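Please see the structure below; I have some questions.
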Amino acid sequence: MKTFLKKVAAQSPWLYRINAGSCNGCDVELATTACISRYDVERLGCKYCGSPKHADIVLITGPMTTRVKEKVLRLYAEIPDPKVTVAVGICPISCGVFRDSYAIEGPIDKYFPVDINVPGCPPRPQAIIEGIAEAISVWRTRL
Amino acid sequence: MSSYTIPVGPLHVALEEPMYFRVEAQGEMVVGLDITAGHVHRGIEALAMTRNFYQNITLTERLCSLCSNSHPSTYCMALENLASIRIPERAEYLRVIADEIKRVASNLFNCAILGHIIGFDSLFKHVMETREIMQDVKETIYGNRMDLAANCIGGVKYDLDEERSKYLWQQMERMKKHLDEIYALYCKNSFVRLRTEGVGVLSKEDALRFAVVGPVARGSGIDYDVRQKSPYAAYDRLDFEVQTENGGDVLCRAKVRLREAQQAVRLIQQCVTDMPAGPTCIDTPPEIPAGEAIAKSEAPRGELIYYLRTDGSDIPERLKWRVPSYMNWDALKSMLVGDKISDIALIVNSIDPCISCTER
Amino acid sequence: MFSFLKILVRNLIQGPSTDPFPFGETFTPEGLRGRVRFDASACVGCRMCEHVCAGGAIRFEQSESELRFTLWHNSCTFCGLCQHYCKTKAIVLTEDWHLSHRQEEKYAMVEQGTVPLAPCLGCGISMIPVADELMRVAYRETNQDIDRLRRLCPDCRRKLGIKGVQRCKM
Amino acid sequence: MLEMLSPFFHLLLFPGGLFALACGLLLKGVDRKVAARLQRRIGPPLHQPFVDLIKLWHKDSSVPETAQSRVFAWAPHVGVTGMALAALLIPIGGVYTPSGAYGDLLVLLYLLAVPAVALMIGGAASGSPFGAIGFSREMSMMLAYEGPLLLALLSVALKVGLATGGVATFSLAEIVRYQQAHGALLFDPVMWPAVVTFLFVIPANLGVVPFDIPEAESEILEGPLLEYSGKELGLFQIMSALKMVVVLGLGVTLFCPTAPGGLLLSLAWFIFKCLVLMVASVTVVRSATGRLRIDQAFSFYFKWPEALGVASLILVLTTRNFP
Amino acid sequence: MQDVISQVKEALDGALSPSVAIDWKCDFKGVKTGWCKLPESDQLLAAASAISTMGGRLSTVTAYLAEKYRKQGRREIAYHFDLDGTTLTLTIELPLEKARVASLTPLFRNADWNEREFMELYDIDVIGHPDPRRLFIDETIEPAVFDGLIPYSTLINGASSKTLWEAVMAQNSKEQGK
């Protein structure tokens, strides 16, 4: 019964987006992926939520700037366990073109565990969906 | 009534990007505003001074993904001005096409977010679906949905063959129909009008005082468009009108943006018809002498200005740019005070704030 | 409200516009800028790609016997400047966009290639033979003389050239 | 023995408790599916609300540091209890008639305010400024829609009461009985203003666009719900699912409680009527509109539904002599 | 367009006592850019005020510090004005140490952010600025960060790049060895 319930629960991964100083390319693509009819993540049971407290899968964009760092870390800590982290775009993964600037503190895996990387600048929505699908399979094992 | 402070942001769902306001409110009314900027400050100007001219094309494109074509093209224009490089005529038209495609997508995105903020989810989705046509065009012609990578020093990197020109033309025909419908919706729909009319008013005097640019200025009745005032690329040979509205509220700005999107579609079609054959890029590697130059363009959000200073090496001595949102953002102080808390996100969105551009 | 109801009814009639992906095929346009492919046999070792790469995604390592190319996709912006400035198109962007991966594979997302160095037929210094691809671009078809040329270092080629000039003068 | 257990049965299993919850979640699933279709989407599977709920039970829940933790944790329980009690009062034509001991229309009216109160308490206790704004907005909304709601209920109570020889009857069973005998009030033109008033009240009562002002995601980040997570959030979802059934069930009871007879058929008929009512007054409305500002919503309710409610009352009173 | 040139000359001549030379450039489209170096930095306010009365708009301000200037112990600030499509740049020279410049905010409201920006990037003081807080740069980052930047150094010493690339190389040479 317990395993069955967990299996059922895995079909409801709610998404939350954190912008850690991105150029908003990935954010726009995330909004597109999450909200519009063409990609409709709701059919995967996903829901885009407004509060970190409701999130299961965290999508992070941006190279982590100095000024946003504390806020991102605080926000990340607010997301209840179990959670899965997806780095969207090359910025959170390696800081991309912004690497080695005085105002950049990334990459993101220096601060908290990342599970899935979706490289691209920005990745296309289909690639993001692929990443989310992968994240769901990781999430299933964590419940 | 005593006032209280509410934080907006920095990571607010309604806003694409991190920005932080401390809004002072009395009841539901905004009485004061303090902006803390810099959450997306990545030190790009410093990075630009450590990278060579080629790398800076890609770097400037990553300033912001919504006006990602305006940056490299204006940067390349600054280099070309400095080195007195005349780009091939076909490249001039191709630059206009890339710029206008981005303008349509960017303006539609902003108007869609307006729908989202007023809780009109179906409208948001409807406009975003229409924008997908532009996204497909970008992906098909340039290979990416946001960053076109269309420019290089002395011209453009892409070309439109017969087949692609035809494809572009057909997609623009499709867009026309959708854009007309969307424009009518924004003008007539009572829910859109109830929430946006008379909200976040920026008077013409204030607009001049804050020196706002782009659709924000034109929404307040200032007739200024870089494409007409200081023409570049092929704009001196294209036929278009500057769009203005006099109300200065959220709805006027949205209307200006939508009309500019409609016009952009016509501009793209003009380019496809008028474009002469020929090379798309100069064929010798550019030589950049020491000196300084200015280049300006009309990005989707307004006037974009680049200042470039070189010392004869292949790394800029100083590269500085001022983006349209820079002044528009500061002008929020004038727009927000006196309005309702529920309209904060709406008014902020109405200047189409590009934080990543502004903070660099 | 009523102007919008019309659109809703139309939506209902037209049916969902949702892309079948990830359960089915999706649309991938020709010329999408995706995963980078490197063809060592076409590389002339000019390192222009490394020079123009803003993401710092390309590294060359030169040793005695080879020039090793590494591109890390997790730092690549897919801007295509490398391809644009590569005369022999040894570096190209493919349409493969399936790049998402688990964190364990973060550092393995690379494209690598090795360009072997060969001794110059003239002086024996270690050098990269001119790529076949470049020869094709330059001469369309090759013969034995041209093939010999590609294995000469620039110095020896110049010497050969001067000799040729001298011969002509005589 | 059985007699003594029946209130518990009614409260926990049928028609309250599990049945109402299942019903409410199903309604929500249909709502999401239909909304998706209206937006050219495939949408989530029908059972998605069930899945979401089970998921929330598997998540950690946290209490913010700034919150008054005990009040914060109890608020959702209050809401769920209130709604479970309210579900007891909803008659299902041909299947279930609530005992008069449980309460009447007036009790129901009070119970309907419980979820809003629970949200207000929770929002205020969360210590977040958005929770506080949500609190004040929830309060204004209640003030705005309670009037028309009361007028609509009163119209029905008077109509039935006057026809059966009294003044006004607040017994739900009586209202159902009257309509089963004399035909549904929905088909009586005299009642149409009341029907429309009630339709206007539903979206505000259920907190959906254009009246989801207290929970506006893009303005105040879901307001009172912002700080809730895990089980507590799940409880609020249960509350809103139950409320869905109660409000729609009330609508069905007031205006069209007739049943075809037969246990299962009547049950299905009840659910179907709820569904139709929901699609008409919730799904389509929220798909075709944008959110109003609190002052606009407030003045809207004081204008149209209030006027309609008064008109309906006058109509009922003036037509009583000429049935 | 000729009259813009004469108008600017007239306005600046009226404001500044020894008249200044303006270098005009024109691109292929006929768009003009004027370049003018003010001999004294305290002439800025008078010149800017003349442009303001002409109806000019402050486009942006660029402060810069080239390597060769650093050796000469000086720095420059360029003020870019827009005159209905024509750009006029006024440049002033300041000392490297203890640079001070008057604020333009009384004349141009939008000078506010521009001045805050070069205050935080360079070691320059703005006299009479209404709100001299930092604009974009976090308090944890050292002041006058652009003054400290020596070209190439960040590229070569890029610690972050180095760590990442070491990881990339380590993993991939390992795999080749298998």
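To keep things simple, chains are lettered A, B, C, D and E as they appear, and every chain counts its residues starting from 1.
Operating definition for what follows: a residue touches a chain if its C-beta (ideal position, glycine included) is under 8 Å from a C-beta of that chain, and two chains touch if they have at least 3 such contacts.
Since the model is a prediction, treat every value here as computed from it, not as a measurement.
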Exercise. Among the other chains, which touch subunit A and subunit D together?
Worked result: B, C
Problem set entry | Partner chains that subunit C and subunit E have in common | A, B
For this session: Between B-C and A-E, name the chain pair that shares the greater number of C-beta pairs in contact.
Result: B-C
For this session: Would you mind pulling out the distance in Å between where the CA atoms of subunit D average out and where those of subunit E do?
Result: 62
For this session: Just give me the whole-number Å value for how far the CA centre of subunit B lies from that of subunit D.
Result: 45
Problem set entry | Where subunit A and subunit B are represented by their mean Cα positions, the distance between them in whole Å | 26
Exercise. How many Å are there between the centre of subunit A and the centre of subunit C, using C-alpha atoms for each centre?
Worked result: 31
Exercise. At which residue positions does subunit B touch at least two other chains?
Worked result: 13, 38, 41, 43, 46-47, 51, 58-59, 62, 116, 122-123, 125-126, 129, 139, 144, 147, 189, 191
Seminar exercise, completed: Residues of subunit C that touch at least two other chains are 1, 4, 8, 16-18, 32, 54-56, 72, 75, 77-79
Exercise. Hey, what residues on subunit E touch two or more of the other chains?
Worked result: 136-138, 145, 154-155, 158, 161, 164
Exercise. Every touching chain pair, please?
Worked result: A-B, A-C, A-D, A-E, B-C, B-D, B-E, C-D, C-E
Problem set entry | Touch list for subunit D against partner subunit B, complex | 38-41, 129-130, 133, 209-210, 212-213, 216-221, 286-296
Problem set entry | subunit C-touching residues of subunit D, taken from the complex the two chains share | 36-42, 284, 287-289
Problem set entry | Residue ranges of subunit C in contact with subunit B within the complex | 1, 3-4, 7-8, 17, 27, 29-33, 51-55, 77-81, 84-85, 93
Exercise. Within the complex, which stretch of subunit A touches subunit B?
Worked result: 17-19, 21-29, 31-32, 35-38, 50, 62-63, 65-68, 71-72, 75, 96-98, 100-104, 121-122, 124-125
Seminar exercise, completed: Given the complex, residues on subunit B that touch subunit D span 4-7, 12-14, 28, 115-123, 125-126, 129, 189, 191-192, 194-195, 340-345
